[in-house]
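The structure that follows is given in the form of structure tokens.
Residue numbering begins at 1 within each chain, and the chains themselves are lettered A, B, C, D and E in the order written.
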Amino acid sequence: MSLSFWLVAAPLIAAVLLLVLPKMGGAASRGLAIVGTLVSLVLAIVMWLSFPSGSTGFEFIGKIHWFTLPAMWHGTDLSVGLSFGVDGLSLPLAAMTAFISVLAMAGAKRDIDRPRLYYFWLSMVTAGLLGVFAALDLFTFLVALEVTLFGSFFLIQLFGRPGSPKAAIKFLIYRGFATVAMLVALVGIAYGLTGAYSHSGISGNLSFSIPTMLNEAHHLSSGILPAGVAGALLLVLLLGVFIEEAFVPFHTWLPTTHEYADTPTNMVIGGLLTKTGAYVLLRFGVGMLPAQIQHYGMLIAVFGVINILYGAFAAWAQKDWRRLIAFGGISHMGLVLLGIASFSAAGLQGAMFMIVSSGLLTALLFFLTGAIEDRTNTVQLKDLGGLSKAMPMISGFLLVAALGSLGLPLTSGFISEIQAFIGGFTAYPAASFVGLGGLILSAVYLLYAIQKTTFGPTAKLAEGLSDATAREYLPTILLTAFVLLIGIYPNLIGHLFGLSVQGLLGIGG
Amino acid sequence: MWNWATHPVSWLSFLGMLIGTVVILLLTLVVVMYSIYWQRKFIGWIQLRIGPNRVGPFGLLQTAADVFKLLIKEDIIPNKVDRVLFMIAPIIAFVPSFMALSVIPFSRTHVFTANIAVGALFYLALSAITIHGVMIGGWASNNKYALIGSMRSAAQMLSFEIPLGMSIVGVVLMAGSINLNDIIAGQQHSVWYIIPQVLGCIVFLIASTGELNRTPFDLPEAESELVAGYHTEYSGFRFAFFMLTEYVYLFAMAGLFATLFLGGWSGPWLPGWLWFAIKALIYITFQFWVQATMPRMRVDKVMPFAWKVLLPLALFNLVITAVLKAVL
Amino acid sequence: MGAAPFPVPTGSLLALGALLFCIGLFGALTKRNLIIVLVSIELMLNAANINLVTFSRLGVAPSLSGQVFSLFTMTVAAAEIAVGLALLLALFRLRKTSEVKDLNIHKW
Amino acid sequence: MFHYWNPYFLIVLYVVLGIFLPVASIWVIGPILRPNKPSEAKGSTYESGLEPVGDAHVRYNARYYLFALMFVVFDVETLFLYPWAVAFKKLGMFALTEMLIFIVLLVIGLAYAWRKKVLEWT
Amino acid sequence: MTMGPMIVVAATGFVVMILEFIFRKGDRRWLTVLSMLGVVAALVVAIIHFNAKPTFALNTIGVDPFASVFSVLILISALLVLLFTLDFSAKSDVPAEHTYLILFAVVGALTMASSIDLVTLYVGLELLSVASYVLVAVRTHSIRSVEGGIKYMLMGALGSAVLLYGMSFIYGISGTTNLMNLSGAGLQMFSTYPAITVIGFLMMLIGMGFKLSLVPFHMWTPDAYAGAPTPITSFLATLSKAASFGMLLRMLVFIFNAPGAHLFYWAGIIAAITMIVGNFIALPQRNMKRLLAFSSVAQAGYILVPFAMFGIAQSADWAGLFDSISFYLFAYTFMTVGAFAIVYLLERDKGSLDSDALIGLYQRSPWLAVALTIFVLSLAGMPLTAGFLGKFYIFVDTMHFSTIWLGVILFATSVVSFYYYIGWLRKVYQKEPVAEVTALSASPIMHTLVAVCVIGTLALGIVPALLLHPLAGLPWIYG
């Protein structure tokens, strides 16, 4: 059993224990869940520290044979296993997952109804996300993806605000379709790269192993994918990713979901779940269909720019903090798309920085607005105002988060945006130029919202409110710290990204 | 034996067929007339009466006079009946009864017998069609007596058809054929099947009595309860055809009985047709004898009798026959 | 094969079967009385029987199995009709109807 | 040479004549001989001389259906016995055992109906 | 003894029947237990012969891999249904005929699975069907039961008429009813009489479509399912469907193995329509049994998907298709019987089939709630359950044989099915507004049944090798 195996298993074990152990109160349940995820976090850090320098492949690989789908392809069995491992691309994301999940659990309110069930699902989602990021087998990957889907569904459904069931169903249907589209595309890619694709006439050994697939894509040794088929597969994959990432015009589920989900769920969904699509695009799109990515680069770039602008505009029009953050996230992910479309070292690095940065910032923003709502019972911009007097600390952190989000230097947002745009300008200058408008817009809507919330005339309900409590300080400070840390010292995660980008581009070149 | 199957049909043989069929029809009418006469005479003797003796010598023309009387009676179709069904019901009842005669081998050289391979089954199938005529007649009459009579009649004929069919299987088993001519041939080689099939013969006799709606199973027409049963509303010649049907069936059943159990037309010295006539007469007389002797059974005893007594007996007979046949 | 005096062509027998089948299908789908529907279904089964018997004598490769098949079919049809009538009887006892349109309790 | 159809020609003739006789006597000869003086009383349904009550197209007792069902089942089973009886000689012991099983099943069916009081005329 | 399982079950059926009318008083549930013992014995026989060489008595009925797999499947579901019945007959007033009618239906099903002659296949189908009609309407005092039975009977009879008509054409142009002979004759048949072959194929497909409740021949399904006693509903949904699929598979594959792709494409089209319509009309259902009925329509569509590929695949590759069909049927049996078991408990508890009866189930009986969650997730096709693996396997098939559009429809419509399946789960975990909650009463029998189904669903989902391994070694195509 390797480290990456336990990385996924720890929260899963915690979840199972939560389900099995009798008579656990809220504190005990939370403790157990935190311990499970904390183990994952520690493991992620250990792996980070001991990650072999210069390695562009997968490390810490663990594998268990699961079952074999018997002979159907001219006598070739399809071996399906549970297989995990990390590389420079997935390790930071896995670490971020464990980090944000721990903070979400730690920062959760103490009076949750049915805590066992709540932490069970939260642990399941965490395990699922870690599985998604660390899976080295397509089957494992798909299983993990479904676990995240259902876990988050139940979190929204059972523990959301009044009216959440509808939002939960919307979430489920949209993301369900996304999962299906990705499943179709991914199995197709597996066929094209490793199996006997009927057109090629060359029969290989079908394999669901992601390293094998990457290897095949790299060497194009067997399974020559006809361009048309590959293009079709990429388009299906893009469809899945776009729904998963809530890109326009498939975006409506995200704001609704955020509006109705509770704070820790929002942190997980906004900070992590919406990032899986980008990861899929990087891992399978860029990694396995590089030529097609370049071929459809313009399409992806235009899509990215549309999302940057639409997200920003829509965020501006929102009257609810949570919906605003959701649209801000969409805008961020548009930037990721632009970076990926550029297919350059800078662009891809920017995209990955953006994923991490957006994850941290979105989680932070959701946490802070959650804290505000705990006190004021509202997150409507029109009801808020002058909070800085009653709760200076929260207001301060909110400002930092907003500044990070609009890409101020010394925050993680800055390094992400700058790199993504450098990549974008080299490949698609016109589109990128239009996309720049999004930066300005984001400054506008974020500062407008901050101004409405923290400054200005003190709203009536803001009087007599307390500032952040000890429970709230921990996640706030840690998240802010990392936002700043990455902004000041990007190489903290950059060196890992660099490795994987080299790997990715090495294929394309 | 000459039969139709060995030569292709020509216009000449077709004409022969036609003439033969007409002859059989006329013969049947005569037989029916005189079996009715015989019935009245025979029962009269049993009851120490004289029977018909006014019309013609010994009353021989009595039945002819009855038929003529029916022919000149007014044809009444009541207002509330279902006219079409009411009118065709006697025909539906009559046609199969006449058709049933087509498979009965009357004599050794009788050329007007349809020598088909499924003779016995054919007979059973036709007798089931008559039930439709009876039911349609009863229903179309829109009369409660007629309805109940026809329902009873149908239920009874259905019930007795099962043991009847089962008892024939015993004979078929002996002969190894359903063709009635083959069955006769089988009896020529061994003994009349009444000897080995004595149980089957008894079942056949009782079941055929029920099938023919004759005493003691004549409750469909129990006049004290149901006026005249299913033909209550019928009069004139339509009624005559229901009566005709009954007696044609009596004749046909007699022929079937003679064929299955008494060796049909086969026998020493006498010509085949005479042997057949004698044997058929035995059956017919037996029926009249029973009619004169037995009281009518109660309705709740008849149907269970068919199912609980006759059917098991027939099955038992079947098993015994099969086992003996396999062992010997 | 018996040289029939007026040989019956396979086609016309099959057409008879097809006609019966279509009448039966039409009846089964459009008639309102359940008993008529049952009878229509019996017609369809008999259409198949006609086919089987036709093919068994006049088919591409005549064989006895067609006739055997039709024997079985008759039995099966009898069993089906027996059960069908029993169910109709049960329905009539409960609902006093034998119309297709009255089979609507599940919509309530 | 065997002419399979020929007997059936004969049977068709029987059918034709069987229809001809009643049609001729009822519709052709009858009208010439018989009087025709319809009246309301003649046309009324006979109910022992009283005014008929209601319609006779009523529901009949369910027991008739039960017997009809029994008939359908047993008649078809009888049907199977005929080919068996014909082929019995050729098939020998095998046919005997087969048919004994079949008859046992029949008897079980009969016993079932007996036990369920289907055979009673109540 | 190639007909072992059939003879054992039939004999048990008659013994139970006779015992039933000898002992007419008292608690007669031991008759059901006796039936179960008979089925177990038959199962043992079937398993002993699992890998037997293909042999056929009288060239008609016997064992081959096909018969083995489907017999085991049928007997397992028969066992589950009888266990279900055992509890049901204790609680409600059903005639004792119930038990042995199930056994006779099982005999029919086994015949369908293990016969290679159209005549016996048809007779088996009718034995199953006629017994099922009676079983659905077995509660003669319940108008719903009788109405469901009549609809089922009418549609079933219509289906068998169509099927028979199709069979008659196939017989006519080949001169044989034996599938072994037919399998060689297919190509010649098709080249000489293409139109009649297509008509025969379609009629057989449509005829079986009525039995399998494929759209658009599914109209009877919800009414019959809702009207029947719940054990019988689960019987219809699993055993009857499995046997019918077995028969369809055998007929189509043996007869039409030569005519090629475009014939089987019809199956694909029907599968697509079935999946789409089945899932969409299930959406507004509130009655739990009706919903499961529509979901079973959709499931039949999923199972039909591999049928579309027999024409495309080389016969050497068919093993995968057979495997995926039988795997899904096994999975489907466990999850469906389990779901019906819990629906039945709720129905008895609340006296209603409205899905609101699910509310608060988690509070009342957490174990049953979790079990239901597993069944429903499996039906919806979630990972770690048998349902997902079954679907995935079928999907891999479609991928491999370039029928990906069917695979896409399969998964896309399962997303639609999330909506109603998850609707249930939502209610299960919703809190009941009442303060005092009572546990859902369930007998040990029902607990056993649910447990068995849970184990089956999970085992096939997590350790699929249990089933895949025995399946893999089978020489499906022989001779």
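Keep in mind that, in the parts below, a residue touches a chain if its C-beta (ideal position, glycine included) is under 8 Å from a C-beta of that chain, and two chains touch if they have at least 3 such contacts.
The model shown is predicted, which means the values in this text are computed figures rather than measured ones.
Student: Among the remaining chains, which ones contact both subunit A and subunit E?
Tutor: Chains in contact with subunit A as well as subunit E: not a single one.
Student: Which chain has its Cα centroid closest to the overall Cα centroid?
Tutor: Here the chain at the core of the arrangement is E.
Student: Compared with subunit D, which chain's mean CA position is the farthest off?
Tutor: A
Student: Could you pull out the chain whose C-alpha mean position is farthest off from that of subunit B?
Tutor: A
Student: Most C-beta contact pairs, which chains?
Tutor: Top of the contact-pair ranking: B-D.
Student: Return the distance between the CA-based centres of subunit B and subunit E, expressed in whole Å.
Tutor: 52
Student: Please report how many Å separate the Cα centroid of subunit A from that of subunit D, as a whole number.
Tutor: 80
Student: CA centre of subunit C versus CA centre of subunit E: separation in Å?
Tutor: 27
Student: How many angstrom between the C-alpha centroids of subunit C and subunit B?
Tutor: Inter-chain centre distance comes to 31 Å.
Student: Find every residue in subunit E that makes contact with two or more other chains and list them.
Tutor: Counting only residues that touch two or more other chains, subunit E contributes none.
Student: At which residue positions does subunit D touch at least two other chains?
Tutor: If we look for residues of subunit D contacting two or more partner chains, we find 1-6, 9, 68, 75, 79.
Student: Touching two or more other chains, which residues of subunit C qualify?
Tutor: As it turns out, subunit C has residues touching two or more other chains at 3, 5, 79, 86, 93.
Student: Considering only the defined contacts, which subunit D positions touch subunit C in the complex?
Tutor: Subunit D reaches subunit C through residues 1-6, 9, 62, 65, 68-69, 72-73, 75-77, 79-80, 83.
Student: Can you check the complex and tell me which residues of subunit E touch subunit C?
Tutor: For subunit E paired with subunit C, touching residues are 118-119, 122-123, 126, 129-130, 133-134, 137, 140-141, 143-144, 146-151, 153-154, 157-158, 160-162, 164-165, 167-169, 171-178, 192, 222-223, 226-227.
Student: What residues of subunit E sit close enough to touch subunit D in their complex?
Tutor: Going through subunit E, the ones touching subunit D are 14, 17-18, 21.
Student: Once bound in the complex, which stretches of subunit D touch subunit B?
Tutor: The contact residues of subunit D facing subunit B are 1-11, 13-15, 17-19, 21-23, 25-26, 29-31, 33-38, 40, 42-48, 52, 55-58, 60-61, 63-64, 67-68, 70-71, 74-75, 78-79, 81-82, 85-86, 88-89, 92-93, 96, 99-100, 103, 106-107, 110, 113-114, 119-122.
Student: Residues of subunit B touching subunit D in their complex?
Tutor: My answer: residues 3-9, 14, 17-18, 21-22, 24-25, 71-80, 90-91, 94-99, 101-102, 112-116, 120-121, 128, 139, 141-148, 151, 154-155, 158-159, 161-162, 165-166, 169, 172-173, 176-178, 227, 232-233, 236-238, 241, 299-304, 307-308, 311-312, 315, 318-319, 322-323, 325-326.
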